[in-house]
Amino acid sequence: MARAVTMFTGQWADMKLDDLAKTMKGFGFDGLELACWGDHFEVDRAVTEDDYCDKKREQLDKYDLGCWSISTHLCGQAVCDIIDERHKAILPDSVWGDGDPAGVNDRAAEAVKNAARAAQKFGVPVVNGFTGSSIWHLLYSFPPVPPKMIDDGFKLFADRWNPIMDVFGECGIKFGLEVHPTEIAFDIYSAEKALDAIGHREEFGFNFDPSHLLWQGIDPVEFIRYFPDRIYHVHIKDAITTLNGRSGILGSHIDFGDHRRGWNFRSPGHGGVNFEEIIRALNDIKYTGPLSIEWEDSGMDRLHGAEESCEFVRSIDFAPSDVAFDSAFDKEKQ
Amino acid sequence: MARAVTMFTGQWADMKLDDLAKTMKGFGFDGLELACWGDHFEVDRAVTEDDYCDKKREQLDKYDLGCWSISTHLCGQAVCDIIDERHKAILPDSVWGDGDPAGVNDRAAEAVKNAARAAQKFGVPVVNGFTGSSIWHLLYSFPPVPPKMIDDGFKLFADRWNPIMDVFGECGIKFGLEVHPTEIAFDIYSAEKALDAIGHREEFGFNFDPSHLLWQGIDPVEFIRYFPDRIYHVHIKDAITTLNGRSGILGSHIDFGDHRRGWNFRSPGHGGVNFEEIIRALNDIKYTGPLSIEWEDSGMDRLHGAEESCEFVRSIDFAPSDVAFDSAFDKEKQ
Amino acid sequence: MARAVTMFTGQWADMKLDDLAKTMKGFGFDGLELACWGDHFEVDRAVTEDDYCDKKREQLDKYDLGCWSISTHLCGQAVCDIIDERHKAILPDSVWGDGDPAGVNDRAAEAVKNAARAAQKFGVPVVNGFTGSSIWHLLYSFPPVPPKMIDDGFKLFADRWNPIMDVFGECGIKFGLEVHPTEIAFDIYSAEKALDAIGHREEFGFNFDPSHLLWQGIDPVEFIRYFPDRIYHVHIKDAITTLNGRSGILGSHIDFGDHRRGWNFRSPGHGGVNFEEIIRALNDIKYTGPLSIEWEDSGMDRLHGAEESCEFVRSIDFAPSDVAFDSAFDKEKQ
Amino acid sequence: MARAVTMFTGQWADMKLDDLAKTMKGFGFDGLELACWGDHFEVDRAVTEDDYCDKKREQLDKYDLGCWSISTHLCGQAVCDIIDERHKAILPDSVWGDGDPAGVNDRAAEAVKNAARAAQKFGVPVVNGFTGSSIWHLLYSFPPVPPKMIDDGFKLFADRWNPIMDVFGECGIKFGLEVHPTEIAFDIYSAEKALDAIGHREEFGFNFDPSHLLWQGIDPVEFIRYFPDRIYHVHIKDAITTLNGRSGILGSHIDFGDHRRGWNFRSPGHGGVNFEEIIRALNDIKYTGPLSIEWEDSGMDRLHGAEESCEFVRSIDFAPSDVAFDSAFDKEKQ
Amino acid sequence: MARAVTMFTGQWADMKLDDLAKTMKGFGFDGLELACWGDHFEVDRAVTEDDYCDKKREQLDKYDLGCWSISTHLCGQAVCDIIDERHKAILPDSVWGDGDPAGVNDRAAEAVKNAARAAQKFGVPVVNGFTGSSIWHLLYSFPPVPPKMIDDGFKLFADRWNPIMDVFGECGIKFGLEVHPTEIAFDIYSAEKALDAIGHREEFGFNFDPSHLLWQGIDPVEFIRYFPDRIYHVHIKDAITTLNGRSGILGSHIDFGDHRRGWNFRSPGHGGVNFEEIIRALNDIKYTGPLSIEWEDSGMDRLHGAEESCEFVRSIDFAPSDVAFDSAFDKEKQ
Amino acid sequence: MARAVTMFTGQWADMKLDDLAKTMKGFGFDGLELACWGDHFEVDRAVTEDDYCDKKREQLDKYDLGCWSISTHLCGQAVCDIIDERHKAILPDSVWGDGDPAGVNDRAAEAVKNAARAAQKFGVPVVNGFTGSSIWHLLYSFPPVPPKMIDDGFKLFADRWNPIMDVFGECGIKFGLEVHPTEIAFDIYSAEKALDAIGHREEFGFNFDPSHLLWQGIDPVEFIRYFPDRIYHVHIKDAITTLNGRSGILGSHIDFGDHRRGWNFRSPGHGGVNFEEIIRALNDIKYTGPLSIEWEDSGMDRLHGAEESCEFVRSIDFAPSDVAFDSAFDKEKQ
């Protein structure tokens, strides 16, 4: 099938896009999934400047790199989150503004709407991102959490994202939520609840990323089987659980990368994700979009990892069969 | 060795102590670990009324039940927590007051101090409880959490609990933190960090409860081996992980007891905790306090469970050997 | 909850019912699930003799034994099976007749209809049994099996069992198919297909028996979760897989009981079935019928096994909770 | 050692041999294991036409491809099977004839004898194939199967295959039964019984294929250790078990390739077979024949799979050591 | 079947037999396996004093305790061992003498011969014991061990034990070697080699003890299946492996009982031995001798353990079936 | 990071160094770890001949091969061992002399001292080797081993190795004990004891080799985490455990390479060692020395293995990251 292999630029925002594109082309990538931060893809300019999208496309063409999606994780996060000082570090000044929580939520929602408009202009069918969550901090139900508080969280999500999805609908763009801790959906059942809350509208689906599911004990393949018509984009990212009796799955308030944590992210192929079965499941649901590497591995040099992961993803992808088993035995067909 | 088997009354606060004591005696318990809520053990009255403690003791004596600890989980929780509406439901009016967060924190701290004074008066050496945590909601480090925010959380814990521990020291009472999600310490490394933060002062140790460690992937026996001199009290509580590829360890915002969660609490012996090895480890560290059942199992009748768990705990406890292996082969000793 | 514990008499047909009842009462059973062969429960006589059912009930009353179901595995098997010499050994002469396959199929179907009529007269709500299968021998698809051959097998099942189910409907009786190799349904997906074939009519459900699922790699609890409204009766029977690299799951054409087979049946509690989780799932779906032991263990004395299995089943059953978790913390309820 | 890597042409009968040979040469294969169906290797013509074998050899030589065995699975299957409509689709007209079962059995036996004669003429030492089985449908012993029915099945196998083996003996050719469900031998103990039945005559051995053993729970390496002198040919084929609590090992009457089945075949290296240990065991028994890929994977493009599997097989093969461990430490040898 | 449950007195040599017998009777034992050290069973006196055996039997009869074997582990050990200071502590003075190694070996051999003579007089059919080994210290083959050194060790074993076995043959007594590290046989293949070395003479068999096999990774059931006609006596003893990544299976030169070792002995039922499958295998080989507890558990009070282990062994033993599976379905038998 | 990949020449002593160097260069190695036996590195000559070291260096330079350590396993073994006939085969005549044990011990100690002097002259910072052990034969504590015997063994180790370490200190050379059965340290806790015995002097550390830890059940990564400042050199060597119920971990007195043993050494990548996690741990402790292959695999051709293992080691090594996770999200850094 030869799906396109792309690099998500979110973890490379410290590099200028031009340098990054040259580097990734050299590593063999087919394209980039542009992050809507740094100078990679500036949504505001895309919407307001007539030629921004054309020039961006030229910039990629120069390196013969394609682009099939842009990503707005950071602004998306600020739509439902209870805003605090952490958000200032990740939001553009125009969204952060005076930092007043309600205002930040509103401006973040507008920024995501603009991402859809920009995607339409730029000619990519999918915007990936986060949603944030107003109930993540209630994760462990103590002090006891009345069910209504959870329901209210999902309702708030619907109230804030339905208007955004309206714009996506108008633009003919799909939103792929990366199911992830701290988001409204972080596993199979919360993803189901989110779809229920937002009325299963077609604009809203998922950016499948196995790394966030693995350490929760969820089989990523089950996620694909559970939502076969909602896989709008795919991240290739690995993770590993290294529980040894002393480490814990909740991470001990210890930074990523420390071996005392019970799990960590890994360069693809260096962790516990079973990509073989994922490819087969993607074949079954006829996913033809890119396989986009989101590269995070606190224990490996970033450039080394980017290069080997491109080669790795090519080695795991393959086309499905169109011949039924044992049909060659049938003399009628010989 | 025959350690005492007690029932923690926290999950039975809807029953009057007198009824509860009669019931538990009938089930074969040796004593009760009294919760400082409901009418089980009222700290305010214990501190202010001269004969409260004597009468409470008489009430237990009537059923030939001992008491070796009291527990102040709910007020303890409010010492470090960021207060919200959930706390109102679990706090006494005198602590909740007008609900102003800073005031609640302060009044909760006073309540815990009084628990130490009451314990001294009542004649029990240990107060168990929670600490709360101002950083629990930062559990998953996204938006990125600067290390300083975590350090500040531990510092705030120390600032608020050191004065409390001073009172414990004056009273000759030990505090046993139940290491538990939503607390400052929820696994081995965060427990170590909490001890570091509070200067390893002797008043501060742990109420060992294996159920909160199991589903995090932590071997409860390792906890005992890691902190052999800090096990001040022991809860017997079981849990089970039922990950099946679809359920997740974070629980999907689904209530306890639902089979779609990746884990649940269980009546002792019905889950995955290896009590055999725990008893051996407790023997090694010479823990001689009670084995106190904290009974929570959303899938079993409460009275049925209480009765069978008392019998279960007796069946798992045994005394260590005082004979060295193979010494009987030695003809000198024959 | 204290569900009734019964013994299925099918494996004891060599004993007169009177002797068997006395023995089982002595072992502590609450009742019997009567097999429709031997003198245990004679369907023909029950239908044609006015007082047969009353006398049978008196016979059980004498030992204070209840009866909540009768079972017609052997005649049921002959409804869809391709008849051969093996069936002669298990069928009554009146059904076998001249052994002409089509005639045997017809007479077997009539016998099962009569079982429903007899059950109505006898006052039990469920008839358990087998269905047989005309496609079992096509199990492994070589020589290649065209899908139509499988579909035809399910169609034949529906054609033969719909008229039988009509009689069950008239009598207000339910049929519980024991999902089992050699039947039209032997695992979750074939059970689903059988329900589809017969139009999910309410008369047709399952006699849940975990032992036939375990060695196939199926989690018996999943079966209950998959068909929560179709569990009409429950068999308690255990099995074990003892694969060691040399033995095989298909059994090597070797008799049950030989240790060279990859799996065998076991007395309850001596195999690999997780009854704890089964009880919890039965509690969840509110199954209140009997727990009926079907005892087969080629390695254990039959009387020893019957006695200990009654005690075992009592030890694993328990009632569900009616108190929500943590509600005792709620001061409103104190 | 560099054993030859061949492709078994059975699953490619829809391609003309010339096209197939060119394709496989391009993928790097050393030779082909020719199926006796399609135009790959026509036994009748080989026996009756003087130059058929020479021309066939030239056809292979053109692409520098060797051939070390031919395979007659389909006719072999019809020797012992109870014939039904499925066989018509896989047998040549000359064997099927009027479809009268006894006649089909006889003609199939003659066809296998001719395969031996053709192999002698063609100059290959081994004919691989199936035997069929008259007792496969009795796999699960219900209705109860008297042991004599099983014994009769093995006797019938011996009666039909001894005359065939006589011809193999005369021609100096060995027969390699592919141990496989639906054959007289499908696991270790049934293979042992088959050898016993046929008197362990030297002409009869096995075409080792790990894929059929794996999902039965049998360690393929044990098969080699159990029958070290009977491994006459080797198929490299992979399989995977994907039991998840819902899927079953018996396959639910569902076609190969569907993810709801409990197991499926896989392109070599994509399943659960441990080829490392197989190579070591083959080294131990000094097997020097070809490693012949039988390629079946319902989830992968056939050409992609053929190419990568050739490379895969080369990567797993290696020569055994002829130096004893630690002998280099011995100063005598320095 | 109700096999006798006995206690091996070797680990209780510090208690007088009379006290021990009274204690064990109180715990419910059927008999004792007498150690040939302490005052439990003095071989020298048994051989030389006319009434020693009768009085010993009376001593047991007083408590209604049977005896089916005596055990001479310590003298047996000294037959093949390279003698050093450790042996002095375990040997009687009469065997140790001046401690000259060759003399100790000889006198130990005579002591074992006398044990056979005493067993005949005392009326028990089996003497259990160790053999020692002159090659145990060569366990790990570095510095490289020439195969001849190993062969010589087995030859020396045969040379020393054949004369002893001659006496056993004359007396009609069997010797049960407890397969155990430091003996000539410590696992399945070394046991096979030992039988080969001693010519498979009938007097020489095994005292089956699963605890020594478990931690070596050997399935004790396989041992029974491998040597079905050589199981002359059975020890019930449990062990556990507690490897956690830091502990090692070789034990780190650390004493038994320390949790840092990778394995330890356990009171029966508290370790990893699968007694269920052992009982089934003993049933299969028709072993009818005693189940003799050898009690060693450094983490449990000895008296507590003895009592509970007697009850445990009774709970695991059961008689085999004499009814074939499914025969009750057969109407011929009804 | 690109650590150097070297081949340890110990298993190639039957080849002249010149031939070996040429071969290994051809396979792609960066250097050699020279064994102090055969003609690879002659310590005596290095110490006494002025130009030996220079010429040796030239010999390596000719093939552009580096050298970062020399190894003296054989003489090291003889320092603490109880000397017997096996040592004659592995020691140079000058050390063996008349074979008198005490003299051999002394001369071996001198040889190791000279190795340090030679290393200084040759310009390599590390000498790897064994220590031998006077207590290895006491491994299994029967006959009972008084703790003092073990302590004495560690004391003897310290007495003999402290003077050797003094010379190492003078020369500025480190000694890397390969933790290995038959040495004073063979697992984590015995390594800790050895460090304690020798006073944790800086000259004494470890040559980390995962293959000897794996089959003991020890996680090699734990070894690195336990002794992060003592990893002076690294061997890349693999091993596999193949326990199947019949084989045992102690090896049955059977030679390496036989499949009946419970474990064997393997060419790197063909066994059970998790090199991925080892590289990450070595990155964490900032180990920058060579990755030196010690090649032993009784089932594979030596030259084939050497070549593929060089490629394998390059494929597993990678540099650590110097970018903190998620820092790219931080707009401050963009």
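Order as written gives the chain letters A, B, C, D, E and F; numbering starts at 1 within each chain.
Here, a residue touches a chain if its C-beta (ideal position, glycine included) is under 8 Å from a C-beta of that chain, and two chains touch if they have at least 3 such contacts.
Source: prediction; values computed, not measured.
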item: Least hop count linking chain A to chain D through chains in contact; value: 1
item: Per Cα centroids, the chain farthest from chain A; value: E
item: Numbering shared by both copies at the chain F-chain D contact, with half separating same from different; value: different
item: Chain of greatest Cα-centre distance to chain B; value: D
item: Chain A-chain E separation of Cα centroids, rounded to whole Å; value: 63
item: Inter-centroid spacing, chain C versus chain B (mean Cα positions, whole Å); value: 46
item: Multi-partner residues of chain D (at least 2 other chains); value: 74, 89-90, 141-144, 219, 222, 244-245, 255-256, 326-327, 329-330
item: Residues of chain A touching chain D in the complex; value: 1, 219, 225, 276-277, 280-281, 283-284, 318-334
item: Complex interface listing, chain E residues touching chain B; value: 10-14, 37-39, 74, 89-92, 242, 244, 255-257, 259, 265, 270, 296-302, 304-305
item: Chain A to chain B touching residues, read off their complex; value: 74, 77, 81, 86-87, 89-90, 135-147, 149-150, 153, 180-182, 186-190, 193, 213, 215-219, 221-222, 226, 241, 243, 245-256, 260, 262
item: Chain B residues within the chain D interface of the complex; value: 244-245
